[in-house]
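Across the two complexes that follow, chain A remains constant while its partner is chain B and subsequently chain C.
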Partner chain A sequence: MENKNILMQADHSRSRLMKEKAFLWIVVFFSVITISPIILIIWRLIQKGIHQLSFSFLSKTTPDAFEAMTAVAAGERIPGGIVNGITGTLLMVALAAIIAIPTGLISGIYLYENPGKRLANLIRNVADILQGVPSIVLGLISYLWVVRYVTQGFSALAGSVALSIMMLPMIVRSTEETLKMIPITIKEAALALGVPYHKVILRVLIPTSFSGLSTGILLGISRIIGETAPLMLTALGSTAINWDITKPTSAIPLLVWEFYNNPYMVDMIWTSSLLLMIIVLSFNLMSKQIGTKRK
Partner chain B sequence: MGNENIISVNNPILSVRNLTVAYDHVPAVKDVTVDFKKNSVTAIMGPSGCGKSTLLRAFNRMHELYENIETTGTILMGDVDIMKMPTIKVRRRMGMVFQRPNPFPTMSIYDNVISGYKLNGIPLKKSDKDEIVERSLSDVALWDEVKDSLNKKGTFLSGGQQQRLCIARALAFNPEIILLDEPTSALDPIATSKIEDLVVKLKENYTIIMVTHNMSQAARISDYSLFMYLGELVEYNKTKIMFTNPKDRRTEEYLTGKFG
Partner chain C sequence: MNSDKITRIVLLLVSVLILVIAAGMVFSLVDGAIPAFQKFGLKFIFSNNWDPTQGRENYGALPFIAGTLITSVLALLIAFPLSFSTSLFLGEYFKKTRIAKVVSTMVDLLAGIPSIVYGLWGFYTLRPIMIKFGIGDQGFGIFTASLILAIMIIPYATSLSNEIISMVPADLKEAAYSLGATRLEVIATVTVPAARSGIVAGYILAFGRAIGETMAVTMLIGNSNVIPKSIFDTGNSMASLIANQFGEADGLKLSALIAIGLILFILTGIINSIGKFIIKKMS
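Entry: the complex of A and B
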């Protein structure tokens, strides 16, 4: 029986080798297909966006339509920049993070501590459902709650609420998963020293899982930075720098959409997208960096 | 309790009366009554799953952290019921060392030693901290090895050093009793013998209760031995007597290697 098997293997070894080779090429082929979009995107953005990138692009507000039209007609660089979008993104993302991080951490800790409880299952399911809700719907919800009743008009706050709902489930689940990875022996070591339960969580579990928690938060942030749809219905946009959370506010992705709709500003899409891409990628890289640091 | 297999001890430091511990209503420790002698090493032996850890963890009330565990019976330290003491006091008077070394991974060696104070928010002067760290690390024969790297993470140490660090962490609180749950089962023979030497030395100042499923270890370092089987305390005696002249057939079978 055994001998027969070996013989059969020898017979098949040639065709097997060919199969393995073919398989390898298929893998390479599809890998290239997978990574080529990102490379093409970055290449294209640099190619088309780099010549608009300048100090004034980062420090001036968006030009009005007439200025842009004159510049394009004269064959000049479009004046102005996107600083109102940069500050708006900063404001709204920071506010969304301030709402979502504490809420998400506390819910995640609750899930970890009470895995079987009914409320925990409810939270877990809601988080999973929220993760699948289209972002435009979250914008609509924030419109109904915040724009209509809280700020009575389009506002940065409304944008942040939509973004925070988007970020929340990611933080909840990553907090729970990260805490679950801490060996129970670490927790018991603290309890055996008489440390009260809430201090074990605050002073042992959270510091021990710090890198995992920050990875989740950074990924959540990088996820919401580029969101456009929920902001259209909530923050609306603004041509001036605005730090008032109750007023309409711009954001980089909103500007990309506005530039697209204005034939004289189309060129600014590329530079804005390039900037957005750089920001999102750096958040991604940061979270990877922290992720690999933990042994 | 009228059981000739179980000796009584004068002036016990810890008295356990009719202790039963159940997981989800299934008892894992059944009606155990035993007294522990001060400044001695007592080994808790028995085959895997017989309830050794469960018994040990009842002493410093670790079970009350879990909802599915039910403990009945009385445990006295001196004449005080430990159930009536604040948790922190019980755990300060009884340090615990676990099977796997578990220093806090975010803390330095120095901070690990005084972690009981730090985590409980007990303020200490810098000079007191230094003194406690040096004394505790010297007590576990680790001071000379780590005195130049106190700021390194505790997890950088070898397994045996980590386990001694964990014992130092327990000693830093000045406990009366040290509970050890198979402290050498994850260690190599050299690290194991260092811990064994340490345990024998520590009984001058502390009372040691140590779970082991290694009979020769129990024979080497313990003064008293306690044999458990299926959650019951089968036999309790001076180690020398128990190993040479076991009273119960099950003890004899265990010690001669018939099971476990």
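Entry: the complex of A and C
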């Protein structure tokens, strides 16, 4: 019907060309609007946050409300930094990665090795659904499982469990997709030589797809570093440096949330957010870099 | 037992863990939600009264279900012209050019920004603009939250439709060009119809994202526990309510929050399954 229309009015009239031009400009205009927030956000963070970024900001713990209040009242810079958040993020993200990476890699290999199997299809579909579960719900789950029964209180472990459930399906799917891309002949050559199955996985499958696997892992890590909501229900926060996984722990995004809610510490939100963005974006770009090198 | 068999069993057992986690999640959410549903029955979903006052505790989820759906639909409507244009920019007009690479990297970075940073930016940059235009209560409200949500879901909607649009076979398009069609006519009559289901799937998945967003929404929606009367009113979403009220929750209130988590879980599960189903049918 519409195709017929084109034939009937195939008259290079000016209005058609005008429409054509106008649409191109609309597309360009909306595309520029689409990418402008990223520039505006990064600009704002740098502009507001860079001047407080210092060694003491990275090496001191957060001040308590009273210290911040007196500093603000005296017109001084708020003392202290966010080292308790940095160590907390490091602890919880590392622990989540330790849980999620091996599990995710193994499951991804299983899915790759058993294509078309009923159980594999079920696992794949469930992983897809898990990937869509809102992070706050994962926080609730980890609260119900870990905070209630394992550590009997808010803890870094609970935060890590929530983050690892978030990361797991991402790694499973990226592992499967990466493995699908390596030529099957490589694997068959190894099997033909009589190499045991676990060695085929460790010495052939994983090394040949290494860059692809790391892309997925780095991207997964960059996603969980910035998560705030699940940590609010699990790790809670702490004003001191904590390395004990059974105790409440802070994280950079949690501190941003605390500063946002405390009128005396508002000055610190931009520098903490800037630091968070630098970390998240460097993981993000690193994964992209590896990804493009592969091609 | 030989080593190959052991390897296979290990692979299987670890993979089944995903099913165990998912089943455990459903079990724990249902188990935690039982007291709330026992007390209020189905009225929990359809009642619009959320009152945690001791003695006359009453919990209804309707304001939050409404708030979630309204913000997410509005975000989708705002995001559509932006992300659709961007996917045409990337997949059609400037396909495989350097500028397309730069734009697509920036769109991807948009997906990497933490929710809380979006919230801060919305609070300190968008909200003053809203106040200037007299929108919402002190700039807070459904509209402000939807605006920030729209920016957040753009990368999810864009990446899939861009991929699908750039996969439309060239001979289809060339056939239309040879009949004298302009580029716009080719897009409208060939590219978009051919890529339609993929584009729809992308927006469905983006919708699923919007429903579960917590931090940015909680910082901008106004957190009033009533059904919003207009898009410029304040309201609250399910995810935002859990984040807000979890701290002081126990007993019946905790159960009500878990029940809301369950509803959120089911809703996103259904939406994502529909999206994935459409994608699967295409390939």
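Just so we're on the same page, the second predicted complex is superposed on the first by the 272 of 295 C-alpha atoms of A that agree within 3 Å, B and C clash if a C-alpha of one lies under 4 Å from a C-alpha of the other, contacts with A are read in each partner's own complex, and residues count from 1 in each chain.
Quick note on the criterion: a residue touches a chain if its C-beta (ideal position, glycine included) is under 8 Å from a C-beta of that chain, and two chains touch if they have at least 3 such contacts.
Predicted model only: the values in this text are computed from it and were never measured.
Participant: After the chain A overlay, clash or fit between chain B and chain C?
Facilitator: fit
Participant: Please work out whether A:L95 is in contact with chain B alone, chain C alone, both, or neither, and reply first, second, both or neither.
Facilitator: Once the two structures are laid over each other on A, A:L95 reaches no partner at all.
Participant: Quick one: classify A:H198 as touching chain B (first), chain C (second), both or neither.
Facilitator: Touch partner of A:H198: chain C, not chain B.
Participant: So in the superposed three-chain picture, is A:P207 touching just chain B, just chain C, both, or none of them (first/second/both/neither)?
Facilitator: First partner only, chain B.
Participant: Kindly classify A:A189 by the partners it touches after superposition: chain B alone (first), chain C alone (second), both, or neither?
Facilitator: First partner only, chain B.
Participant: State whether chain B or chain C is in contact with more residues of chain A in the superposed arrangement.
Facilitator: C
Participant: Considering only C-alpha atoms, give the closest distance between chain B and chain C in the superposition, rounded to the nearest Å.
Facilitator: When the complexes share the chain A frame, the smallest chain B-chain C C-alpha distance is 12 Å.
Participant: Mind sorting out which residues of chain A both chain B and chain C touch, each in its own complex?
Facilitator: Chain A residues touching both partners: 196-197.
Participant: Report the residues of chain B in contact with chain A in the complex, numbered from low to high.
Facilitator: Residue list for chain B touching chain A: 60, 62, 65, 87-92, 95-96, 98, 100, 102-106, 115-116, 118-121, 166, 169, 173.
Participant: Would you tell me which residues of chain A are touching chain C in their complex?
Facilitator: 2-3, 6-7, 10, 12, 16-17, 19-20, 23-24, 26-31, 33-35, 37-41, 44-45, 102-103, 106-107, 109-111, 113, 119-120, 122-123, 125-137, 140-141, 143-145, 165, 168-169, 172, 196-198, 201, 222-223, 225-229, 232-233, 253, 256-257, 260, 269-270, 273, 276-277, 280-281, 284, 288
Participant: Could you list, by residue number, the parts of chain C that touch chain A in their complex?
Facilitator: Those residues of chain C that touch chain A are 3-4, 6-8, 10-12, 14-19, 21-22, 24-25, 28-29, 32, 81-86, 88-89, 93, 103, 105-110, 112-121, 123-125, 151, 154, 158, 176, 179-185, 187-189, 205, 208-209, 211-215, 219, 239, 242-243, 246-247, 257-258, 261, 264-265, 268-269, 271-273, 276.
Participant: Where on chain A is chain B touching in the complex?
Facilitator: 183, 185-186, 188-197, 199-200, 203-204, 207-208, 210
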